[in-house]
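Read from first to last, the chains carry the letters A, B, C, D, E and F; within each, the first residue is number 1.
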Amino acid sequence: MTNRRDRSLHAMRPILFSNHFTKHADGSVLACCGDTKVLCNTSISEGVPKFLRDQNKGWLTAEYSMLPRATHTRTDREASRGKQTGRTIEIQRLIGRSLRCAVDLHQLGEYTITIDCDVIQADGGTRTTAINGAMVSLTHALKHLQYAKKIKTDPIKYLITACSIGVIKDEVYLDLDYDEDSCADVDCNIVLTEHGDLVEIQGTAEGEPFQTQTLDKIVQLAKSSQTQILQAMRTCLDLPHPESK
Amino acid sequence: MTNRRDRSLHAMRPILFSNHFTKHADGSVLACCGDTKVLCNTSISEGVPKFLRDQNKGWLTAEYSMLPRATHTRTDREASRGKQTGRTIEIQRLIGRSLRCAVDLHQLGEYTITIDCDVIQADGGTRTTAINGAMVSLTHALKHLQYAKKIKTDPIKYLITACSIGVIKDEVYLDLDYDEDSCADVDCNIVLTEHGDLVEIQGTAEGEPFQTQTLDKIVQLAKSSQTQILQAMRTCLDLPHPESK
Amino acid sequence: MTNRRDRSLHAMRPILFSNHFTKHADGSVLACCGDTKVLCNTSISEGVPKFLRDQNKGWLTAEYSMLPRATHTRTDREASRGKQTGRTIEIQRLIGRSLRCAVDLHQLGEYTITIDCDVIQADGGTRTTAINGAMVSLTHALKHLQYAKKIKTDPIKYLITACSIGVIKDEVYLDLDYDEDSCADVDCNIVLTEHGDLVEIQGTAEGEPFQTQTLDKIVQLAKSSQTQILQAMRTCLDLPHPESK
Amino acid sequence: MTNRRDRSLHAMRPILFSNHFTKHADGSVLACCGDTKVLCNTSISEGVPKFLRDQNKGWLTAEYSMLPRATHTRTDREASRGKQTGRTIEIQRLIGRSLRCAVDLHQLGEYTITIDCDVIQADGGTRTTAINGAMVSLTHALKHLQYAKKIKTDPIKYLITACSIGVIKDEVYLDLDYDEDSCADVDCNIVLTEHGDLVEIQGTAEGEPFQTQTLDKIVQLAKSSQTQILQAMRTCLDLPHPESK
Amino acid sequence: MTNRRDRSLHAMRPILFSNHFTKHADGSVLACCGDTKVLCNTSISEGVPKFLRDQNKGWLTAEYSMLPRATHTRTDREASRGKQTGRTIEIQRLIGRSLRCAVDLHQLGEYTITIDCDVIQADGGTRTTAINGAMVSLTHALKHLQYAKKIKTDPIKYLITACSIGVIKDEVYLDLDYDEDSCADVDCNIVLTEHGDLVEIQGTAEGEPFQTQTLDKIVQLAKSSQTQILQAMRTCLDLPHPESK
Amino acid sequence: MTNRRDRSLHAMRPILFSNHFTKHADGSVLACCGDTKVLCNTSISEGVPKFLRDQNKGWLTAEYSMLPRATHTRTDREASRGKQTGRTIEIQRLIGRSLRCAVDLHQLGEYTITIDCDVIQADGGTRTTAINGAMVSLTHALKHLQYAKKIKTDPIKYLITACSIGVIKDEVYLDLDYDEDSCADVDCNIVLTEHGDLVEIQGTAEGEPFQTQTLDKIVQLAKSSQTQILQAMRTCLDLPHPESK
């Protein structure tokens, strides 16, 4: 199960961001990481929530959901159960927090951004794929806001990237798929700015605790894996790639 | 707005069913009707709900949802509001009822089928597109159940098709898109068996009531429009087309 | 069970509307159709919901509920279950939609009308009895609003009537009671204006699909059955009967 | 407002219990006390809730609700609000507790009794009218259970009666209507056995606290007012009246 | 079980109010009555609820809760169940009602007082201990409001005290602990002003009904037991004791 | 505000665990860290949730809540709002996950442990104080289970400790109080085994992202701060201190 056929332990699965996946959203990106597919739709509306009134700044929030049959066996629909699971809430808080870090909310002005991350198909790493897709979707949406002359400057401070790293039998694996994730001893999600600084780190020992040296390895692997994600992002965003500067 | 550029009043938009849209579901079909796109995933599980115990028959139910940004402006996520809207409940009851009519539940045996219809992009006719996509998705899923030797015979009695028909300024329109739907005086959804018999008819006067002669015209139009839907279904299901018999 | 003792297949059960059933409502009518008894209370309040602000028109909405022991065996109280069933929601949306069709909301002005339809005793046809009772209750309430000089003209465009029609073993039955309803192959509810035009039609094949010729028969039967309902309505409303003109 | 036109301070309004108000319930009584009208339906089902399993005794519970327009101005429907108000919960607990006191649950055996008290029209004293109506409805239902040979002996220990008593400007009033209730300084509900013993007493100072002598007067008035209620109960239950013994 | 080791039937358990139990609340009192411990925190905020707008008076409300393991066996947390139990709602309504009686809401002015009564440890009498603790906590909070010059005069009209009294095998017991409460035939909670007038009385026959003479005894016992509670209150509030006048 | 009067940047506030804080729980510990006070009650019950049936292992879960007035201004009670906030859910999932890591669930056998962490007073670090208190409370409860001969060996694998570390203006602070927490750029919670291995790490950039070197410093500080927490734990648990070995 932990035998990766066609990629090394420190390799990511193919990553692809498809723009304009649906037509109504201000930014609509299908983010694929291997077989994990997350639709990231950005909506921008005027005004801000009450707690931000008269502060002359904007707000950004995210919602996350899995389609009932995104998974091996069907999971109950949260809308018919009448509440979101703890897992869903935890993930959408993480997505929102991370993306807020990438945006200068003062520069945004009094707009509220909602990023909906809906998992169409799940195969491990849905939350990190959601963050990456949300980053691309958000950038598209803000570009349109700028084109529409509603804001003057781009409020994005830097791109952020997210990856999941696990430890299985003392080996550090990058970008675990569902089967690998199910048998990992450590499960870590790391969000970095494009400059390699930390936005968020969440590491959990599923079974055995892990040493601080392992944490170092994990963080280093996260940093070195960024290039591939940033490349896919820039391709979709039509941004110059660093090497082409 | 009611000026249809490139199709006649009695023509449908292009219809396409894409099979295997996601990998986990027993049947997974993306149903497209013009710009309306609905993902129809079928899940089959052993056992039946309590009220059917020991009756030696199966059950089929459907759930319907729109992604928050399937629409022009974002609609609140039902999972975070904590309940489904009346519209959602009404639609998913219609889908389930219609599809149950197409299946011999005794022949199915003690299995429960759940069909999830998630609207990825909405442009009018989401409920009829959901029914059509569910029909195709269900057929695929039951074929697999038969291949897997879990059931002996195909419990599907006939294909069913659904279309929406509206009346705008005394003219009868087939397959209304969102703009047309918004200004229709009568809104009618009709589900037929492939033999042209009625499974369900729901006609509503949005503004002015309509005459029974108009109802006749609507029903005739529904019957004559079936061919295109059945053709798309049979293509996706790899079934022989009647004319090729 | 389908042997109607004392009425022909195309006859309705006795219909009676009792005015002033309770003293607080603006209109309070007990609508009886055979053993089915629905209390229809109309409340009129000033102002309109948000989505209608500054449009200079009114709103009408309906709520439907069954007392827990209106039925053979007790059904759980929705208030203690914490949510309304799909059936309840579907029915109250139908009632509201139908009655809105009977009222000129612009002429009504900025008032909100709520019609509460509470089933005291159920024996088939509760939704059609509710619509009929609501029509009478609403007319009384608007008459009082006019007497009170709050509106100048009567905003009611025409009376509407509703009836249920079923198909049992290829025979078309008018106004099914509970026992008949339980074994019907087709279940159809039709709402008409007093002039015989269609406001709403909902036909469902419970088991076998039905032919369009059957739909014709159903619609014709609905039209011919109107007289009895209108007569009972006019009696309760103290309106001249057409033949007495 | 506290000027009682046609009755003395210590007189009750006319009380009437109508049996067989609806046809499905095991006991169905409309209890009227002046303009207050409460429908009390008793349902008996086999089995008991989990916490009583294998104790060889039955259970009795009550539910209370007001139709939305039972009151002067419409109150929101609890089913659509998604939860019962504190007032509703308080009242239905009182009704259940009081009635359980009147029944020998061991003698009842493993049956669960649910008494639904639905206020059709409110004019003060709905909770006491509900208790009185529930007592009559329950007695009818248990009589039928006995006729059906499901229980051997009557599990009712004694009739219970309830009345509301208030203090307005130092005067003690029996059976307050809505207007009186709105200006009462003390609001007291007392449930007694037919022998004059206390089952429940709830006295609340709405404004000014009251002296223990006043409590004495209230309790004495409650006792002396029982005759009228018991007479109405016995009439409806076809029981011999004490004086006719 | 009903054998009180170290106190007479008419004696209360030791009562103690500890002020400043937590640091953020405007008044924070831990009320102990034997092993029952309730934390009573008072919060005062500016403004009043909608229904009191422009009446130039304040409002007071209470909330009650038990920590899940305040009891012998763990009870489910209401926050995770998603609703409060009927018992909780009944109790917090009683606390709020009683305390409102002790305050001149006009003199308070447009402030809203919320008293949170959280049971840390339960051993019978939690609701009466909550009322007593709330009285002390409220007094402290209002004193601070006066010190802060936000109100000019003390809006407290009188202290109120609450005690629970039960009947076990025809004997009247003061202040029942959990074991006694479990086998009581009558359960009575009485709230009095410091002058011995009644604010609230709630008496319930758990099994056998009780005579009005018993009610007299209960009320007398309640009055005679007040001294101890008032003494503990005054000690905590640093008020002169009557005998020291 | 970030001027720590009486402790260095790398010093914790005084930590104290008080055992037997309430009498009913299997383990009841009040954990204090400066002015933050969390009551940690452990309940052990026989049996396991469904998803663990027949696996011959136990389960451990945690719930977290803040009393409404544990904070500067009152926060709404989750039980009356009808749902837990995202923050609460996130925290209680962290507590449960961390503590499960400290227990050998196979050795525990088919028992379910619930640890209730109720914040009595909040001043920063409530989640880490809850984890520490839960660790002590759990150890006490399992000791009693062993004394009661229900389990043979101690299923605790090692003590775990939690601390919060923040970055304010490039300085790393240990154990932030509320004021410090409000202005921190980075907020990190770290759970370690008593051997210094990582159980959980959650680091969030509130404003500016942080460098991986800062993460190193944070982790080192977490490790060096453990001694004080372990000492307080061992004192309360009556365990030998390492230096006294």
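Everything that follows uses one rule, which is that contacts are C-beta pairs under 8 Å (C-beta built on N, C-alpha and C of every residue); 3 or more make two chains touch, one makes a residue touch a chain.
Owing to the predicted nature of the structure, the values given are computational and were not obtained by experimental measurement.
Residues touching across the subunit E and subunit F pair largely coincide in numbering: over half of the numbers involved belong to both copies.
Inter-chain spacing, taken between the CA centroids of subunit A and subunit B, is 33 Å. Subunit C has its Cα centroid 52 Å from the Cα centroid of subunit A.
Residue positions 82-83 of subunit F each touch two or more of the other chains.
Taken together, the touching pairs link the chains into one ring where each has two partners. Following neighbour contacts from subunit A out to subunit B and onward until the ring closes gives A, B, C, D, E, F.
Listed in rising order, the residues of subunit E touching subunit D in the complex are 83, 86, 89-90, 92-93, 97, 101, 192-193, 195-205, 207, 209-212, 214-216, 219, 223. Considering their complex, residues 22-25, 28, 35, 37, 39, 41, 43, 45, 63, 65, 67-74, 77-80, 82-84, 88, 114, 116, 118, 120-122 of subunit B touch subunit A.
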